[in-house]
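Which chain is which? They are A, B, C and D, in the order written, and residues in each are numbered from 1.
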């Protein structure tokens, strides 16, 4: 268990049943609650740590602070009424919910989406990824005491929210990708304003490179820390940048192209070291890729055509019995919707597969023992987890 | 007949008084007609009588008003067009056991006659108060005709299922 | 790791110290993007209060609040939005049937009273009511269908030589598609004279439950087969779907239900009277929709009902006025069969006044219902209108139905622009086609096409069948031969151009252009301008005893005349309309029922 | 995928295969063969990634459907194994030793659907819900609306009107 810091103390003892013998009465151990008040910026989640001095010997993830029973709520809403609530499963990158849900409904109901809508969907997903990575950059810097980067990233993210606002009519929960297409085409002059944002972002990212990635302290605290053995990737369901940081080029955009990704040219960034540093730098590079993809999309996409298919009367829209799974590559890894229909006007079951479900639970709990208290935040943030998609 | 009597008068008040007298006769005629037609269509004759009564009141009020000529001019300024819609169906004699359509055909013929007489008088009177009052009267009757034609259309040309 | 560069590089962050802050000092009042979804706006004149916004709101943030009296096609309700619940998803805007509901781009509003954030957009005045910017959907609504499935019809060539029914009726697929478009607002129910449960029977079609559909139809209308074909469908004129796209084809959907239930099954569903006979007798004069509906209801209430019908077959104007190609006789017979199955006795060929008098009915029956229809044609009474060769449309139609020989000349003129004019024109055209192989019918109507009385599809189909329709022409004279063998017989129809017929207020103010005169050379002129009831059967005494209302027998809201034993309804009382007649029949039956119960109580 | 299903069919009871997409297939499996099948698919057929494990409540049929969704990244194939279990005696077999991360799914299914997974680590610990005493809330017979009405108070002042009923009331109350 003390896999990556072998020179640690010998506490606790391992009992005859193979489990740790932790007796709080001995005074050797202390329970430390990490969270739920935003440990780092990963949202309301807490880790119950058992520490021995500065060393963490055990950690358990506690979730439920954000549970609103979304999946259950979806079961008692009509197919169109589910549309406004799916985005709420994930604040920083809500659009994957909209896309996966819409695509699942479209598949089971047999609805074709106009080509231009697919481009706009792709654009929106990349804009969402941009924002999510901005938060991740700020988060990892913040977790290691470099708050100013968090402020820069928040500013740049805000500029992208302005673009979201003019494109979708909302800043956070866009409610823009609905079954059948998207609500509108690009506004007049959108490309130029987007380019301005991208250039500003690039300027700030240059600074991030100087301040974060060319930084002795950051290197010291991240290189070799929080190592995940790539052999664990499959058994722990590790996807996305967390896997790409360990040499596995997992990316749904490449592995199983959806929307218009097969018409975009890109290489998935991969790092080898599988530590916090690698996960940070792989995200940084992916963010740069996202900026490139947004440019590609705006240059290649058709404009001015239909973006929405006429739907059957949604007030009593029924979908035949069936089931499907739609996935996409979110900023955290494989994001998917499992939709089961039963022929009625309501979903039988909606199951949201968020990457944090595996990353923040089994994987994190596996990684925590043996770390220092001060590294737990960085470890958590480096996994880039969003608790709402765990508890939904 | 009206024309002869009216052309002899010397003041506008006298003209209006005589016109009121004609209307009283007409009113009397329709009142007498009411019980003679089927109860189902009496409303038409009642309306016709009532219209005459209203006309009498209007003319009396006009005769008494201080700014009578302004009223007249004002009314003539907005001449009522002669629609001719019913000209082909007017009947100067009331048919026996008249139905609703027949009563209207007859009433239309009467009002047509009045229009023509007043219009003729106006045409043969030089500009001045007399010309104005005859023009006014012709116009009043035209309005009445127009109302009757609308009713005629409503009753006869109902269109069908 | 640990190079000097790694130590110095982070200090580049200091260059940001001299940058201008990017924070907005006062976020209240910041203008949002053009299509931002902010507080709602509602064009309350456009809004019809259908409640689709309320139905679609997944947060239950919308209540429908009465702000005005309801009228045809408008419930008088307007949406109130609770912004404590609203999630700004704008599905209400997307689903809005009229496009009245939009969103402004205003989103900053501070108020210490939480209840202030619950208001009726457009009614409770707000600063953003007139904002141009904000969210409105692009193009027509996408969340429910806009157009009807096309109805299969006989092609003009296939139908002009016969009286076969033109409209095929919807297939299951078509009907489901069409039923799907209904948003179930129910605005149509108030406008339907019989207040049929339209959204409910449309829902039954979606569910494929035709038994239920039939049951719902029969709750309000025993003439669904007839109305499914020839109803004036006023319901469709108030349908919420019409504001963008076509109104729901309510009439065709009704027919679709009946088309899918066999006659036997229909009888099983409707059943027979489930009450003990009351021993009371009701006479109904006239076997049209009003009389037979009253008879149906009264029979199901246990009364012995006898219907007296002057013609050889029951149905009244439905049979003798409406041509077979619009309403096949067997369809009518199926409706009537269900009514007869309730024990209603229909005495055909029995004319009141000739075969039996109203006085006799008054003496022999506990109540009498007068539903005689409008069987006399109006004449223009222009010169020549009494000449041989001038026919009344309604009379000709009756003779065609009865199978009598009617004169069929090569050239016919029809005066009139209503549906009866179309009916006789198209009937004559069919007879001409059969006889001569070609059509020679000219319709002249006072009204221009913008104000035409006949249904649009009637006009279109008439044109398709080769009928000439001259709009805005006023009949001046029916010209007759002045000499020769055919002296006195119709030679033609002289008309003037009508330059305008209504003023802006819709008042009848005709204008002729006498210079535009036409003489249509024809051998027959059919007058189809209007109908009236044959009230001679009442006799002088009863005519005098009854109260009248502008030429029609006066009845109260229940159809009761001023004579305690006599009720009246249908076309003769309320003007020509099958569904209105059905509604009359129900009202009369209810009123008669109450009166008879009181009578029975008194006789105990 | 048809090839794979055909290949496995002689040795496993596979039913009701649904070829939803070129890259997505669903198939019914039996409880006693599940473990062997998952191992074979993971170790021999490249389905190394457990995408998700969840349940669907077919309350009318008295069954829970457990969906084990696995993915072969190389072949870009996703396979959903449907296992129906008795709803009244809801129990599944733990697979946490095949995919450690399955323990989380099983713990959630235990909590939200009341499906037992004997032997799964910490399966009986509270996961998302804390102090929950009602029935497992993702079961279809748990009524969220009734629950919220019993638990929370509605804000005063809300009242709505049905268009059709309003029109009847005002325009033809007798009809």
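Just so it is clear, contacts are C-beta pairs under 8 Å (C-beta built on N, C-alpha and C of every residue); 3 or more make two chains touch, one makes a residue touch a chain.
Nothing here was measured: the structure is a model prediction, and the numbers come from that model.
More C-beta pairs touch across one of A-C and C-D than the other; that pair is A-C.
One finds 57 Å separating the Cα centroids of subunit A and subunit C. The geometric centre of subunit C is 50 Å away from that of subunit D, both derived from CA atoms. Measuring from the averaged C-alpha position of subunit B to that of subunit D gives a distance of 87 Å.
Look at where the CA atoms of subunit B average out and do the same for subunit C: the two points lie 40 Å apart.
Looking at subunit A, no residue sits in touch with two or more other chains. The multi-chain contact residues of subunit B, meaning those touching 2 or more other chains, do not exist; every residue touches at most one other chain. Shown for subunit D are the residues that touch two or more other chains, of which there are none. Taken as a contact graph, the chains fit none of the simple arrangements: neither line, ring, star nor complete graph. Here the chains touching each other pair up as A-C, A-D, B-C, C-D. Residues 155, 157-164, 166-168, 170-172, 174-175 of subunit D are the ones touching subunit C in the complex.
Only residues 18, 20-21, 23-24, 26, 48-52, 54-57, 65, 67, 69, 73, 76, 78, 80, 99-101, 103-104, 126-130, 137-138, 140, 142, 144-145 of subunit D touch subunit A when the two sit together in their complex. By the touch rule above, subunit A contacts subunit C in their complex via residues 77-78, 80-85, 148, 152, 155, 158, 162, 165-166, 169-170, 173, 175, 180, 183-185, 187, 207, 210-212, 214-217, 219-220, 223, 308-316. Only residues 63-64, 67, 69, 71-73, 75-76, 107, 234-237, 239, 250, 255-256, 322-325, 327, 334, 336, 338, 340, 348-349, 351, 353, 357-358, 361-363, 366, 390-391 of subunit A touch subunit D when the two sit together in their complex. Of all residues in subunit C, only 1-3, 5-7, 9-10, 12-13, 16, 22, 32-37, 52, 55-56, 58-59, 87-91, 94-95, 135, 137-138, 142-146, 180-184, 203, 206 touch subunit A in the complex they form.
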